[in-house]
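Paired with chain B in one complex and with chain C in the other, chain A is shared by the two complexes that follow.
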Partner chain A sequence: MAALFTCVVCALVGAAVASLLACIPGLHIYNVLALTALAFQAWSGGGWLAGEAFTALTVAMTVGYAMLNTVPSVFLAAPDESALFTVLPGQKYLMAGRGREAVLITAAGGAVGLFAICLVLAPLGPRLLPVIWTVLRPHAHWVLWCVIAFMLMSEWPRRVAIGVPGWRRFLAAWRNLGVGLLTFLLSGLLGFLLLYRSPIPPEFAFQNLLPAFAGLFTLPWLLLNLAARATPLPQRADRGVPLDVPTLLHGGLAGVLGGGFAAFIPVITGGVGGFLAGHATAIRNDRMFLVSQGAAKVVYYVAGLLLFFVPGLHTARGGAAAMLMTFGVPQDRAAWFLALAAAALAGAVACALVSPLTSLTIAAVARFGCRRLSWASLALILAVVLTATGGRGLAVAVVAAGIGLLPVLFGSRRMNCLGVILLPMACNLSGFGPAVARALGLL
Partner chain B sequence: MQEGPEQRPPTAAMCPSCERFIGPARACPYCGADAPDRPGLRFLRWASLLLASLGLAFLYLTATRRAAPLIRIADITPFMNHAEVRVTGTVTRAPYVSRRKGGVDYVSFVVEDGAGTLRVTAQGALARSLVERNLLPAAGAEVEVTGSLSPAANGPARLRLCAAEQLVVRTRAGAARPASR
Partner chain C sequence: MKGIAHFAAGVAVASCFPQAVQAGADGNPLPFLIGGACGLLPDTLDFKFSRFFFRHDVEVVPDPLRPDAQTIADAVALAVNRAWETQRPVRIRLHTIRLATDVWLPYEITFDVAGRRVLARCGSPVDTGGNAVGRTEPAGRRGGAANLACGIKLEYRATTPVDMLEGPTFTMEPTADGRVVPRFIEWHRQWSHSLLAAAGLGLLAALAAAPYLGLVAAGAALAHVLADQLGFMGSNLFFPFRAERSAGLQRVHSESAAANLLTVWGACVLIFWNLYRNMAVNVPGWNLLSVAVYGLVVPAGVGLAWRRWRRRP
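Let's turn to the complex of A and B:
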């Protein structure tokens, strides 16, 4: 009974702490979990890491982060111009003084995602998923190549040089397309390097990709905030969210499909899943898009982690599951129900914290300004990378930041940076990853 | 950012003509006006290109000119998952070879370095190649293996080989006589 009580406390505290940390721009939950694991390793010698309480803590922190990480991306992001039309309608809301509304709509989508996990995944997962995975596994490689092809081919020329004929027009149109392809290729090469000849010291190897992700996605965002001298925009104080049921259901379904696809198919991330589902289910308006992104994000992170505990399946998707796998946490039926309970409890805490933490962030941005918060976040991220992966990890993060800045500054999709995992893993799943690594001189 | 009436102060990321958000774009995608000159962003553009290409090249040179670190098996921790490491030791018994549909699909052998044991594995084409080229070490052989580490919570850690060159047999104890299934 005492053990169960410890698990409940861990779930509640983990959800509250992760919800708060999710409001810090650029701080990813996998980085926090890595540092937590290192701290517990130092404290208990690793024994506590294989226990049920750590399972509850990990699941709860993942839920809290997935529900609340929209807050900094809405109030402190500096998007590129293509984002205005494609992936971040939250920015449009922010500019119209409706940032709070965007966060609440996205959180409503997240709640739909949690209900889908508790009401659909929980009863059906153990029966269906092992069978589906057995059928799908031999096909994962070509599914991945199709996703990559769709991702690259769905880019379009942002800058149309009207009235300019010939090569100049052609080059202007290909500018952002070319940068997109270059970004995918460079990040793919970085991925091969990290996978086959990582400069990260062995004792930090479980966080091999942390500096690359921090560099590709977090640092460019913060650097652009600093360079663009973004000033805070006044926000409305409205508390209500005009959200009708059809929008919630349509957006929620699209998000659950996208997030579920991303959680189940190896290497696909929540953003890519949401992007595919948005195309597949014809999402047109911003409200629906925000709901779908919220649902996709929660399903991707939480269901992806829960797949590790699904009886008969036990696949590790995402950084948290990979970490739990190495610590040897229990994977029996009790652990499956414990993980579900932790997810539900943490979901309740996170839902309750969305509104107050949004107000807190709005107040913090008003008090300190985007630039100061971005400087503080930059220092924090660099400290996390240094602590978790050492000086070499910092070097990797700096190089990755160079690659991550390309799409932001040249007007391409940031999603192309996912080449860091998509390219090497697609090659590996297809069986020719080592051959490519050998051709690159890495073996 | 104060909660109150809607006001939009112009920022460097907004069009000077129509005052819409244009991010780092050089021309406004809405009205076509040229964006204000932003030396910080221009510097970032060139810096990103330089960092991306030069940095990747230096990382590549560092990685390819450095041997994987040599570790003791007893020093392996769960935090070393996916680490590229080198281990030297003695093969404790004949390699295990698994065949499927008539061909070799998996091989493994156990290495002991005096402080612990480690299972070395290879799959697919690499496993076939090791068997066909008779590269598998016999029991008692001294080997040096390099590969990707997978620490296991219950039982010995695993080291996955990615290429035949990563297995170096220093002293052969006898002809390789794999234990087949």
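Let's turn to the complex of A and C:
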């Protein structure tokens, strides 16, 4: 009974703390979890980490973060790699004084994702996923290559030129496509560099990708916000969101499919999964898109972690599962049910906290101003990078920010920055990563 | 169909070849990449290349500050009448009306066949997602109509919305019976969507890589062309022996969420089955029937029930 009580407390506290931390730009839950694990290891000598309470805490913190990390994406344009897609519509809502609405819509999608996890993954996961993974495992590499190919091929020219058709119009239209390809290539090369000859000192190796992610995804938006000096309208304080059931279910279905795909296939992020499913289900509407991204994000983070507990599967997806794996693989179904229960409980807490934490952020934006908070976010992110990876990490972040600014300045897809993980990992999964690294002079 | 449906269908075609599945299991992604890329290639050729070289005779650029629907209707009527008078095709390009970064003023063109008129009507401002943005409408004439000197023969829809991103082109082509047929985005679904192009693509892949990869490439491109034939516009299947697109079967709309999802889902189920049947392992209860029923029929049934529920009065 005491163990159960401890688990419940850990789930409640974990969800609440992670929800709060998710509102701080630049803090990724995997870093927080790593620090938490190190702290508890030092405190309890490691025994506590293998216990059920730590499982409940990890799952709950992941749920809390996945539900609430939309807040800095919308109000401060400081997304992580999975919330990347919510920034653009989120900023649109923010500038119109409807930032709260954007967060609540995304959270509604997250709630749909949690329901799908509890109602679909829980009963069907142990029956289907081990077989599906056995079939797909040798083929995961080409699935990844196909995702890359579709990402690059499905970007269409945006520039609408008036005048005589011909090469000039063709080249003008191809400018954003060319920059998109260049962004993917450069970020892929950065990924190879970080993977094969990282300038980041070995003592910070577990945070190898942190500066690249901060530079590619977070810093460009913040720099743009600071340069643009745009001031959003005062934020509306509506409590409810006029979201109809078809929009919620259509967007939710897309998000669940996309997030599930991303959780299951290595290296694909929730945003990319949501993007693919959005195409597959013909999503055009901003509200539906936000719902789908909310669902995709939650399913990606939470289901990705829960796959570690699925009986007969036990695959580690994402930083949290990789960290738990170092303490052993769960052998019984009790761990699976415990993880599911913790996710459900944490989901309820996180849903309840969405509105008050959004109000708190709106109050902070109103009090300090968007510009001052953007400066504070920038300073905080640079401090996190410097603390976690040293001066060299900061240099990597600056280089990555240069690459990340390309799509922002030339109007191409920001998603191309995901080349930093997609390209080297696809090469590695296909078995020719080392050969490419040798050709690049990195080995 | 949307790009992802064509891409997934192309990958599914590749998975039907045991050599491709074996190559995939051995770490070679090429067969599936060829399948996916060739599945999407016909649209890529059109939208990323052909359209930029398609010349037009009349260009309509409405004033965003004072859009005039009457001028738009007059311009379209001018193109139709000139084609009829000169008995030569006249191409017109209609630009969208952009009011701000993400705000558009949609308008639509209607060919009134019975009344021998062209109608133009401006709508209310929307964002790129098509949602009303509640912005004040610019001043200007909201509706307009222009008489035509000849009859119209429709091969596509009577009403064409011109809402966001890049506007459409029409080729006003005189017919032998004295009418004019407005051909919607004539640069699309021509040579790139033909049986000859699919065969050529297959030949290229076969010569460059392996014979079975030629079949993968041709099959993927063919799947694209056949899927498009289910829609409204059709494709020029028999280029260069025919100059015009064959009419589509008008069974599905390319933007239909259900059709796209069903295609992608069906392709994924087929890919899974092809990978599973080429594996050495055999799981009790997992056979073609169970995969088809639980993987395709049940989800399709749920989807159908959902659509009926949505359309209930």
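The rule we apply is simple: the second predicted complex is superposed on the first by the 397 of 443 C-alpha atoms of A that agree within 3 Å, B and C clash if a C-alpha of one lies under 4 Å from a C-alpha of the other, contacts with A are read in each partner's own complex, and residues count from 1 in each chain.
Just so it is clear, a residue touches a chain if its C-beta (ideal position, glycine included) is under 8 Å from a C-beta of that chain, and two chains touch if they have at least 3 such contacts.
Being a predicted model, the structure only gives us computed values, none of them experimental.
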Legend entry - First (chain B), second (chain C), both or neither touched by A:343: neither
Inset, instruction - Look at A:250 in the shared chain and tell me whether it touches chain B only, chain C only, both, or neither; answer first, second, both or neither. - result: second
Inset, instruction - Considering only touches as defined above, state whether A:135 meets chain B (first), chain C (second), both or neither. - result: second
Legend entry - chain A residues touched by each partner, larger count belonging to chain B or chain C: B
Legend entry - Touched partner set for A:97, first chain B, second chain C, both or neither: first
Inset, instruction - Based on the superposed arrangement, let me know which partner A:38 touches: chain B (first), chain C (second), both, or neither? - result: first
Inset, instruction - Would you check which partner chain A:173 touches, where first means chain B only, second means chain C only, and both and neither mean what they say? - result: second
Inset, instruction - Using the touch definition from the top, say if A:431 reaches chain B (first), chain C (second), both or neither. - result: both
Inset, instruction - Applying the touch criterion given at the start, work out whether A:280 contacts chain B, chain C, both or neither, answering first, second, both or neither. - result: second
Inset, instruction - Examine A:408 and indicate which partner it touches, taking first as chain B and second as chain C; both and neither are also allowed. - result: first
Inset, instruction - Return the residues of chain A at which the contacts from chain B and from chain C coincide. - result: 158, 431
Inset, instruction - Using the touch definition up top, name the residues of chain A that touch chain C in the complex. - result: 92, 131-132, 134-136, 138-139, 141-142, 145-146, 149-150, 153-154, 156-158, 160, 162-166, 169-170, 173-174, 177, 246, 249-250, 276, 279-287, 289, 426, 430-432
Inset, instruction - Over in the complex, which chain A residues touch chain B? Could you list them? - result: 37-38, 41, 46, 49-50, 75, 78-81, 83-84, 91, 95-97, 158-159, 186, 189-190, 193, 195-206, 208, 220, 223-224, 227-237, 322, 326-328, 362, 365-366, 395-396, 398-399, 401-406, 408-411, 431, 434, 437-438, 441-443
Inset, instruction - Within their complex, state which residues of chain C touch chain A. - result: 2-5, 7-8, 11, 21, 24-25, 27-29, 32-33, 36-37, 40, 44, 47-49, 52-56, 59, 61, 95-96, 98, 102, 127, 129-131, 165-167, 255-257, 260-261, 264-265, 272, 275-276, 279, 281, 283, 286, 306, 310
Inset, instruction - Write out the stretch or stretches of chain B touching chain A in their complex. - result: 1-9, 11-13, 21-25, 27, 29, 38, 40-41, 44-45, 47-53, 55-56, 58-60, 62-64, 66, 68-69, 71, 77-85, 124-126, 149-154, 162-163, 165-166
